[in-house]
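Structures are listed in the sections that come next.
You will see chain A twice below: alongside chain B first, and alongside chain C after that.
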Partner chain A sequence: MELIQAILALYRERGGWFLGLLWDHFLLSGQAILLSGSIGLLLGIFIAQRPRLAPAVMGVCNVLYTIPAISLLGILIPFTGIGNKTAVIALTIYGVMPMVRNTYVGLTTLDPDILEAAAGMGSTAMQTLLRVKLPMAAGVILAGVRNMVVMTVSVAGIASFVGAGGLGVSIYRGITIYDPAMTAAGSILIASLAVLLDFLLGRVEKHFKKYGS
Partner chain B sequence: MKQKILALILALAAALSLSACGKPAAAGPVKIATKPMTEQYILGEMLGLILEDAGFQVEITKGIGGGTNNIHPAMEKGEFDLYPEYTSSGWVMVLDHEAVGVDDQEMLAKLKSEYQEKFQMTWVGLYGFNNTFAVAVREETAQQYGLTTTSDLAKVAGELNFGGNPDYIERADGFALLADTYGLEFKSVNDIDIGLKYQALRNGDIDVTNAFTTDAQLGNASAGLVTLEDDLHLQVNYFCSTVVRQDALEKHPGLEQALMKMDGLLSDGEMAHLNYLVEVEGADEKEAARDFLVEKGVLKG
Partner chain C sequence: MAEPVIQFDRVCKSFDGHPVLRDFSLSVERGEFLTVIGRSGCGKTTALRLVNGLISADTGWVLVKGQDVAQADPVALRRGIGYTIQNVGLFPHMTVEKNIAYVPSLSKSPLWKGEERSRRAAELLQTVGLEPDLAGRYPRELSGGQRQRVGIARALAAQPDILLMDEPFGAVDEITRRQLQDEILRLHQERGITILFVTHDIEEALKLGTRVLVMEEGRATQFGPPSALLSSPATPFAAQLVRRSRDFAPRQ
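Entry: the complex of A and B
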């Protein structure tokens, strides 16, 4: 109870500060989401068209995905310095994996009859991809996007370890001055942001499911 | 099994109490304690080497958790004979005085008299360095803007990025007090992990950081970092000295003279460099201490 009161008091007294951090957090994870979303999508399409490359690319992504986030940040410091840039790069590397996997799986598990029909109607490879394959795989790809977005928003919380902004600042300050309320206050906002974005993407996903494409 | 353990505990307790209330062992070793930080480990070794050189047996217990809070009570009980301590730590944490409004000379004189009176302990010699708060910048920044004191920073703060460890930025007596006292309005203020901030400073990701005068990273000559004097005395001074039990001085004739070899031995820069050797370059504490004492001519090579 005391903790909850302390958290509420923090929001009251320092609302502006927390809003600033929330905005920074949104921008930071937003950049990474856009980057890993587009890189992952393109990479996923690429390996779906050239299945021989798929195991190698997926393997590399898998390995990158298993590096603990904090160590990935540490490894990047000598190359990209300290601050938002390093954080965005680390988050992007993380986000690529779920995107590649879902895009690849979505595009390679389609009904072959439909693909044959598309080819039979004289569609080019590009037309088949854009008009048939991607719309049909959209549901699976969107599930990957949701997964990636939630993860990125949450992992961005440790980015302040390398001097990046965002709600990690309040988490980290809370830890270093032994103020659990401050750590919790930051964490709650991160969770809320993740839940909100997930909800919005869920609506989009539903739309795709309902109307096919 | 239970009985065996119980018997063992009893035996141990008996052995301990026997040794505790045993005869006042003819002199015996001089028992040295240190706080849990690199600087104190090096100082503990240095004291040990000097005392051994003077013919005493020593027993060093390094890194007592909680520092002053736990070492002082143990000193009172006679579990330790001496330890390196900082003037303001003794003044505030042990004597419970206000840190402000007392000059260095006065503080030391009162430390000596009050320790003598209350605990039958005294302070012997000042090592020379003062491990206190400072603001650190790159050498080139200091040259470019002609900075020597923290007050100099006020005019140019708007062009510089500050980065500090999160607890310093958050605490009321930390960054807010610094900025208020010196009228500093930086271009930006960034939270950076304490282990990374010096690297960020060297790389130019930040231009100014909070520091302590004997921080290991300031002892790295190739880092090119300098500290700016805390000219408005935001922080009190922490001169390092040896706190020693009076009965130890009496029991071990010549101990005080030996301890006085530490007097004026170390500058801020020299202490920082020793911290750097041990903390960053991984040198052995004892070797680093010995090399320094030989270099200073206190020990023969």
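Entry: the complex of A and C
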């Protein structure tokens, strides 16, 4: 009870500061989301066209995915220094895996009859990809986007350990000055942002799933 | 004599070491309605897919309008050949209209721009016996018979002079099947297109074909007008086929 009151008091007194952090958090994760979204999508499309490479690429992505976030940040510091850049790189590396996996699975589990029809009617490989395969895989790919977005927003919470901005700043400060309300206040905002984005993307995904198969 | 539209010349095709077509030769004349009948797995679909170059012959030649399919640009070749696959294969994410307009849209045909597209799609829907107001529906909102018809409309959109149809009326009830058969007969007469029509139903093969091809284990074992198949079946399999269908009237 006391904790909740303390959190509410923090929001009241330092509302502007939290809003600033929330905005920074949004920008930081947004950059990583755009990067891993496009890299993962392209990589997923690439290995879907060349299935022989798929196990190797997915293997590498899986390994990167299992490195604990905090140690990935630590490993990157000597190369990219501290600050937002390192955080964005680490978050991007994480986000690529769910994107590659879902894009690959989405594109390789399509109804072969429909692909036969598309090819038989004289589609070029690019036309089949853009007009048939990607739209039909959109539901599965969007599930990957959703997964990746929620994960990126939440993992971005530890980015302040390498000097990046965002709500991690309040979490980190809460820990160092032993103020649990400060840590909780930041975490609640992260969770809310993640839940909101998850909900919005869920709506989009549902729309595409309807036509997916 | 006119050059055949489609010609198979001693074609052999194997999958994983199993011969599927053996020394397969065939000549299809312009405007012919050729029905192909045979047991499941005898190579009917394989023969069709050789015509539009979805697969290529191991040995021998397949010629379409005199051109070797192996040398042709597959995309250009396929856009000139209508193709309905065994399970229709409509695009689930496109409306009926977009499905029908698919081939013209691939080649960015100016005839299918804007309102023209709706008009032409509506026209084709009527051609295959459907209400034009189905244009805005998605395939999952159609019955099996309606889907088959849309598949045919889609294959006709680019006005091909060759139509490959792989068991197109397989998944519909008997009454719808009859109706579809009559539609395709009418289309054939009106448009003078060459049709290769695969079926496993002897009644259908006799009713529709100007000529019937009987296939057995990758070989063409009998090829001639339906009346000839009925009066003098060349193999025990052909005899067995026609014994069950003596009562049906063949196409004249």
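Everything that follows uses one rule, which is that the second predicted complex is superposed on the first by the 209 of 213 C-alpha atoms of A that agree within 3 Å, B and C clash if a C-alpha of one lies under 4 Å from a C-alpha of the other, contacts with A are read in each partner's own complex, and residues count from 1 in each chain.
FYI, a contact is a pair of C-beta atoms (placed from the backbone, for glycine too) under 8 Å apart; a residue touches a chain by one contact, two chains touch by 3 or more.
Everything numeric here is computed off the predicted structure, so don't read it as measured data.
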item	value
Touching partner for A:135 - first (chain B), second (chain C), both, neither	second
First (chain B), second (chain C), both or neither touched by A:83	first
Touching partner for A:127 - first (chain B), second (chain C), both, neither	second
Contacts of A:105 with chain B and chain C, given as first, second, both or neither	neither
Partner chain(s) touched by A:119 [first = chain B, second = chain C, both, neither]	second
Partner chain(s) touched by A:177 [first = chain B, second = chain C, both, neither]	first
Touching both chain C and chain B, counted on chain A across the two superposed complexes	none
Complex interface listing, chain C residues touching chain A	49, 52, 54, 74-80, 83, 85-93, 102-103, 106-107, 138, 154-155
Footprint of chain B on chain A - complex, ascending	77, 81-83, 160-163, 165, 169, 172-173, 175-177, 179, 182
Contact footprint of chain A on chain B as seen in their complex	163, 165-167, 169-171, 190-193, 196, 199-200, 203, 205-206
Footprint of chain C on chain A - complex, ascending	111, 113-114, 116-124, 127, 131-132, 135-136, 138, 211-213
